[in-house]
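These are the structures, in structure tokens.
You will see two complexes here that share chain A, one where it goes with chain B and one where it goes with chain C.
Coming up: the complex of A and B.
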């Protein structure tokens, strides 16, 4: 099978058992990608890329996350530089049932809003 | 053939053949992300070719884009030798991209001022896409040049030495060059090459690499007049294999 296409030429190598192996971090470390659709809007997290350094992470981020949507800017951040809570602590996000005093619905203005709505409906 | 058609054909053929040649890295890129980026840029190039063939169809009544791209004789193609040579190692692919895309970027930038309005319009759109291609090539040359190690520098330098004569051939004049310049359709290959040499010369020096002296190098000429390397015919045969298997098929 003679071809100009190296993929086809490579089939011979694979058949000969010379399949290369790739380790988890052989492709560099991961970077988190943040995408901004419009100036003034928040950059939103859209995914990750593997890259050897931040400059190439930006190059790859553009191609993988900026190509099919409107984009004005992107950020990349080393995944290792992100501080996060351990998942073991996720129970602290559970809230107690009785904390109406903490929620907007419990404020006095709520009564005024309701009264205004009622008046409008009449 | 009219001068403008000749101009469109050479730009389109360059984009198609470069896109096809680069696409042979798909599935073989050094990393997954790099594979995706490089493949995507080769698709962009084939898209540029399609648009230009389509202009030849719309504005000059020639055959449709698929026919122009896939069903001409080898000697009718006007691509430069730079685009035809099969891909070698990745240093070669990156250096070729660097030379080619800076050429394309500057060519379309010049064409933004073309007296042909629809060509100027298209050029304005396409330059933003090619800007990314040059960023990709620039970034890698810097990484593997100035910021690289001894081996990467040596490999990039030898790729530069090998590709440079082909890159100079990209600026070969076509038979109706004077007419294009006179009618303000295009600034001409000489002016383009001069600007390009200055730009890539500066960049290559910044990246800790060296451009061979222009006067010591024989440009690889012929492509613009239909005289190609031995690589184009087999490339076309393979590229058009599916179409050729059933020319009347509809998609």
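Coming up: the complex of A and C.
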């Protein structure tokens, strides 16, 4: 036996030194995969797969991201169809946490109520 | 499973000093100091990108090629339970390869180019997979000790600065914990079995000892290059530190079973540092160059698969497909 690998030992068309050419788009487009662990939860992005079409992208997504985790549903979407802000523009979100008028904590009424009650009692 | 992102000496010499915009570099380094992750479309130094591509790609290839020595034992596993575990493990390894190719792609090298570079021998994978798995005991040693070494490396790297790589590694480490447990279980079964099972296991441990010492690569603690990669959180620990951590955790687990390593100098000193005989680094470099016992066979199998499956890809091929860089 030449080798422990049955593919080497059984198949005669493996010839050393012959390197196939891998074409530029041989593995297809990328699809972004969204995974839902439980009914009622959001679908969350978990990664990408290469596939020639959305149906096969779902099949690969199931193998790749639904193999080991609890899963009830998956979405795939072509990477090219995702629109995103560049991280360079993330300063436009800077003032978000400062907008206290949109937070429950931005409204304090207890002091006024206490002052009013005190005044009434006098 | 995986073996360290080893950078050969001649590559280091070839790397020219790349000038970067000092303001952008300062902002980038501040972000890393701050514990923030770097994402694919962020500005990053050219060398950071280059080293990450090399490291993640090498890691991905190691997963794919690493499944070959174990995969050949699926048909010969000694029980149904072991066969099921081995099938699941090999499937996980291929999945890890897919996750890692995705992470490397976000840095701008296409998956097709990575596969081409693997087949031509331009890109490397972990040396440890260029050694044969001669008996079932080799499968137990690989599943226990090689996976354990890989986990030391992967847990460290999962805290690195590149977002897509650390996300992939977090998931990989979770799955690897099963690999290590099943490997240890198979190892203990042989170690506590019959005399001939113990002898077979000892023989495998003897043969794998040197590749395991080689696994983390030669000492790089004094390398300026390592300093920079650690500064950028591309590399999280030196090769020596990872090797030491591995030996501390796993040598006692082999010794407690009454097995030995073929190295009388292997011991831990009072400072917790492990010492071992010269592991012949020349052999390590020879195997990297392609002269290991299984280099040609591993690449021949991978080339055969690529050739055999080409018609399927062509049948499914979408001529209008355009390549889009993944977002994360």
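Here is the rule we use: the second predicted complex is superposed on the first by the 78 of 122 C-alpha atoms of A that agree within 3 Å, B and C clash if a C-alpha of one lies under 4 Å from a C-alpha of the other, contacts with A are read in each partner's own complex, and residues count from 1 in each chain.
Convention: contacts are C-beta pairs under 8 Å (C-beta built on N, C-alpha and C of every residue); 3 or more make two chains touch, one makes a residue touch a chain.
Only a predicted model underlies this, so the values are computations on that prediction, with no experimental measurement involved.
K.L.:
Classify the contacts of A:56 with the two partner chains as first (chain B alone), second (chain C alone), both, or neither.
P.N.:
Both chain B and chain C are touched by A:56.
K.L.:
Using the superposition described at the top, determine whether chain B or chain C touches more residues of chain A.
P.N.:
Of chain B and chain C, the partner in contact with more residues of chain A is C.
K.L.:
Once the shared chain is lined up, is A:87 touching chain B (first), chain C (second), both, or neither of them?
P.N.:
A:87: touches chain C, not chain B.
K.L.:
Looking at A:64 after the superposition, I want to know if it touches chain B, chain C, both of them or none. Which is it: first, second, both, neither?
P.N.:
Both partners, chain B and chain C.
K.L.:
Output check: A:30 vs chain B and chain C. Expected answer is one of first, second, both, neither. What do you get?
P.N.:
A:30: touches chain C, not chain B.
K.L.:
Could you give the residue numbers on chain A that contact chain B in one complex and chain C in the other?
P.N.:
Dual-contact residues (chain A): 3-7, 27-28, 49-50, 52-53, 56, 63-64, 67.
K.L.:
Where on chain A does chain C make contact in their complex?
P.N.:
The contact residues of chain A facing chain C are 3-8, 11, 13-16, 18-30, 32, 45, 47-50, 52-53, 56, 63-64, 67-68, 78-80, 82, 84, 86-87.
K.L.:
Which chain C residues qualify as touching chain A in the complex?
P.N.:
Of all residues in chain C, those touching chain A are 39, 41-42, 68-69, 72, 75, 91-92, 95, 98-99, 102, 105, 110-113, 115-116, 119-120, 132-134, 167-168, 174-175, 296-297, 300-301, 303-304, 306-307, 310, 313, 316-318, 321-328.
K.L.:
What part of chain B is in contact with chain A in the complex they form?
P.N.:
24-28, 31-34, 36-37, 40-41, 86-87, 132, 135-136, 139-140, 143, 231, 234-235, 238
K.L.:
Mind listing the chain A positions that touch chain B in their complex?
P.N.:
Answer in residue numbers: 3-7, 10, 27-28, 49-53, 55-56, 59-60, 62-64, 67.
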